[in-house]
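After this come two complexes, each holding chain A, first together with chain B and then together with chain C.
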Partner chain A sequence: MSDFTFTIDGTEITAKEGQTIMDAADDAGIYVPRLCDHEGLRHQGGCRVCTVKADGRSVSACTQPAAPGLTVENETPHINKLRRDLVEMLFHEGNHLCPICEASGNCELQAMAYRLDMTAPTKFPYLEPCRPVDASHPDIALDTNRCISCGRCIRASQDVDGKGVFGYVGRGIHRHVAANGEDLSHTDAEVTDFAISSEVCPVGCIIRKRIGFATPIGEREFDKGLIGHKISAKRDD
Partner chain B sequence: MTPQTTTTPDQGEVARICDAFQSDPHRMLDILRDVQDRFRWISRETIRTVAEKTALSEIAVEGVASFYAFLSQEPKGAVTIRLCDDIVDRFAGLPEVTEAFENELGIKIGETSADGAYSLEYTPCIGMCDQAPAAMINDIVLTALTPDKVREICEDLKGGKRPQDLVSHRFDDLTPYERAIRMVDNNIRHAGAVLLGTTPADAGLKKALDLTPHQIIDSIEASGLRGCGGAGFTSGRKWRFAAETPAERRVIICNADEGEPGTFKDRVLLTERPHLLIEGMTIAARAVGATEGIVYLRGEYVYLRELLQDVLDDRRARGLLGERIMGMAGFDFDVRLQLGAGAYICGEEGALISSCEGLPGEPKTRPPFPVTRGYLDLPTVVNNVETFCHAARIIDRGAEWFFEMGKKGSHGTKLFSVSGDCLNPGIYELPYGLSIRKLLELAGGEDAAAVLVGGPSGTMIARDTFHRELTFDDLATGGAIVIFSSNRNILEIVEYYMSFFVHESCGYCTPCRVGNVFLQKAVAKFRQGLANPADIEYLKDLSSTIIETSRCGLGMTSPNPILSTLENFPLIYSAMVKPSENRIRATFDIQSAIADARHLAKRRSHIFDKDFGE
Partner chain C sequence: MTELPKARIATASLAGCFGCHMAMLDIDERLIELMTLVEFDRSPLTDIKTFTRRCDIGIIEGGCCNEENVHVLQDFRKNCDVLIGIGQCAIMGGLPAMRNAIMHSDEPLRECLEEAFINGRYIRNTTHNIPNDPALPLLLDEVYACAEVVEMDYNIPGCAPTGDVIFETLSKLLAGKFRGFERETIRFD
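This part shows the complex of A and B:
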């Protein structure tokens, strides 16, 4: 099958065989909000923030194959409400205290909340996890109380670094990211790993020691524009 | 395997357990199950050994060890007692049974005795709702427990008896079938024409040999057979998709992981019709061109392991499994048994396949669907136990015979597991289309105030709709029917089922992992009388987000206990709400809110401790 077209919010876009809705949308400069997905990593379909309606059925855009003639709804009030609910769930599942978090301004969860107009206190209860912080490694610390279980570090370490420093343990609400073996100091993680780099962890869970606040608040990634602006910019060109 | 009480597993033996499975990472669940049985826990050192042997990372092994409820990273007692904590068991006297165990063993639920002899814990529905309260004692099942029985059991155990001696003093002389029916009653209340009546041995398989694979699939499709596990997908189409996917190898998997609270029909088929099940799988293998089969047996049914193993051995010996089945050249098919380890989610076909592959029981991304890329990426047919049994009977008696039973769109018979507040709990094989009222008459449950059809992921209906029918188009069900009398507190039932889903969510996707916890907390608020009128809307709103965004069937149905009771029993919610006063949320408790601050400041509050300074 050669290239084909389908529509997102009424805009016709071209897709290649084997592309997911999100892949095709990215190429076309249409941003579908996402947290667990990251360019260059396998799609996971876990956060569900990229939920869209494809021919009326709710699916995750990052895993659903694009198909000829498909009608996709992306930026509708209903879908953005679902996304806001999901982002609020993530905020309430962990301890996300933006004013004291080093990731503030670079944090995709925070940025997504702004994009989705999560501006008032929410209706959900706080779960307030209390997991020990793993600061055993000389250059890296891991605070899974701020983790949103996106698993980007797991895939980055496995597939890009070829290491397998991280993985999931537990089930249900107790499922969380953990270091291979006893703790981080017993792994071959290095601060130069892609998995540890600032672009992989979307929140303040993986912390690179001694470089905190090197970039002042106000000059950080999402101080420059809404999350997704780089993808949308492709379309404006 | 003899359990030992030592807390330091011998790593040489761990390595030997790995060797027994060729250190195949896809057999991880078998390896860890055996390690757990032998040493009663999976230590950090054990994880290291297993990782080394299977060439996986420690975190990959730990991911499996920490996912399944029957695997433990803390030492468990040599005798581990798991009390079935289903709502039906609770209503049948579980609190008293629990208390008796706690008193006799001197430990609380969740604890292990200091000498490592006993552990006592709760586990969700073990498929014995028709004879609740029930418990697993290591691999043994005991049912219809009372505090007196518990005292006897504990006395016997302390006197040195093995768990199996509790079943019979000549347990070792009994056949696997005798052992199974001594432990668990079948409670067949109504035998229908297809499954529980007379079923001539391998009559369907014999006929299948004279049919082409195409003809078999046509016949299954023409019969109108739909999956009996709950989803109701047309079985013939599933087989056709798998047959049409080009592949060197194809796989037939039987889903014997019935975990829906209130379901126990497959337990009875596995006990009474195991040959029919394997016959059905063998016919499916011929139809789709599969050479490998797996029966995925839920960990709670480990007491049926020997029975099924014997059936497989017997069929191999008689040329009904293995190479050249019934002498037919090129008809090769064999089946292995895969035990689960306590995870409801593994009833979802993708999660079941993950589990068979030795992974945590997480559903797979769909598409691709298992019929094109399933177990080890091979085209895979996953059907329920009952579905395979039906298929064997259809090939024997003909599609028309089956099609004519039941109703349009819901053909043939169905097994219903009936439990709860009725005189005759047990199994009823009935044609589709029966009304709930009629079923209640048969079961002696006419006093029902509420009936849960299809388990918690199904629908809870009230008296005014008992005329509704058991069909795919009206009340679709995998077979669980739980009856509740007017003495039961519906909100207690709903809260229990939500806690069940919280316990059983795999955690892969946000809405199911987190949203269900919020739902459970919200229902708890109602029960405590702390909900305000807006909370009814909150329940509906949150439920719809979870349903619409969840990744698999668990999250797409987990809010059903709330939604169906909101719809059919609205008064139980509205009676519990009250508007909050003074714009303060009823759930807000200032005393617990300042408890930490009080503790840290080492002083009491000027404002909120009225006696401060006195």
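This part shows the complex of A and C:
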């Protein structure tokens, strides 16, 4: 099968065989919000922030293959409300105190909250879990209060670094990401690993020591524009 | 032509650092413009401690960490037509809410007090007591966001929000034209 077309919010776009809705949207300069998906990593389809309606059915754009003639809804008030609920729940599930977080301004979760207009207190209760901080490694710290279990570090370590430093443990609400060892210093994690790089962890959980506030608050990634603006910019060009 | 009556504003700092009140002063010279539209009732800025009459707008910095905060907040709800939370402390507890979960304890309040007054490494507390003077307001078990205590009408996010955002929001509210924030201006830091 060769290239084919489908529509996103009424705009016709071209997709290649084997592309997901999100891949094709990215190429066309249409941003679909996402948290667990990251360029260069295998798709997981876990966070559902990329939910779109494809011919009326809710699907995750990062895993759903594009198909000829598909009608996709992406930026609608209804879908963005669903996405905002998901993002709010992530804030409530962990301990997110942005004003003291060194990821603030570079954090994709926070930036998603901005994009989805999350300004008011929500109706969900804060779960306020007790979660550990692992500062055992000389160059890396893990503050799991902020982990959203997106699994990006797991895939990056396994597939790119060929290591397996991180893995999921527990089930259901208790499922979380943990280092594959007594603590991080008992793994072969290195600060030069792709899994540890700033682009992999979307939040402030994986911390590279001693560089925390090198860039001041107010001059960081998402102070320069809404999350996704680089993808939408392709379209404006 | 008769002058429009000025909107009456009251403000309070609850469990906050006063940074949000300082941020209101970041409105700078536009304060003069704003003062043609508003006048202040009870507020740390006027040092008036109780409501002199009903107010149009109440602005709350900080969440509730003690009994007194709750009483003040309820008093504001009772005496203000529109109640605005300003800053992350008011909206979600903010920095004081660190004591709710981050202390990693079943009794976070006790652990927090013991760390602050007894066990902390840099403490010079010769009595080794946790202060318990009856004049001190009773601490709550947790720090609560304002919306967990009373209904809030609007919230201005940020820590602290910029003078620009505060000015824009207040001006639009006074003109009856506030329709939410520009997404590009939303910040939690």
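Annotations for the structure displayed:
What we mean here is this: the second predicted complex is superposed on the first by the 237 of 237 C-alpha atoms of A that agree within 3 Å, B and C clash if a C-alpha of one lies under 4 Å from a C-alpha of the other, contacts with A are read in each partner's own complex, and residues count from 1 in each chain.
Here, a contact is a pair of C-beta atoms (placed from the backbone, for glycine too) under 8 Å apart; a residue touches a chain by one contact, two chains touch by 3 or more.
Fair warning: this is a prediction, and the values are worked out from it, not measured in the lab.
Once the complexes are laid over each other on chain A, chain B and chain C cannot both fit and instead clash.
When the shared chain is aligned, chain C comes close enough to touch A:Tyr114, but chain B does not.
Taking chain A as the reference, the larger set of touched residues comes from B, when chain B and chain C are compared.
Judged by the touch definition given at the top, the superposed model places A:Gly225 against chain C, while chain B stays out of reach. Looking at the shared chain after the overlay, A:Gly29 reaches neither chain B nor chain C.
Once the two complexes are overlaid on the shared chain, A:Pro99 sits against chain C while remaining clear of chain B. Look at A:Ser60: by the touch rule set out above, it reaches chain B but stays clear of chain C. Once chain A of one complex is fitted onto chain A of the other, the partner contacts of A:Arg175 are limited to chain B, with no touch recorded for chain C. Overlay on chain A, chain B versus chain C, candidates 261-269, 297-305 or 603-611: the clashing stretch is 603-611.
Applying the stated touch rule to the two superposed structures, the chain B and chain C interfaces on chain A have no residue in common. Within the complex formed with chain A, the residues of chain B that make contact are 44, 48, 57-60, 62-63, 66-68, 343, 360, 365, 367, 502-511, 513-515, 517-518, 521, 538, 542, 545, 548-551. Remark: chain A residues 95, 97-101, 104-105, 110, 113-115, 117-121, 126, 128-130, 132, 145, 217-218, 223, 225-226 touch chain C in the complex. Taken in their complex, chain A has these residues touching chain B: 43, 45-49, 51, 58, 60, 63-65, 81-82, 85-86, 89-90, 92-93, 123-125, 127, 148-149, 164, 166-175, 178-182. If you check the complex, the residues on chain C that touch chain A are 85, 88, 91-95, 97-98, 100-102, 104-105, 145-148, 152, 155, 157, 159, 180-181, 183-184, 186-189.
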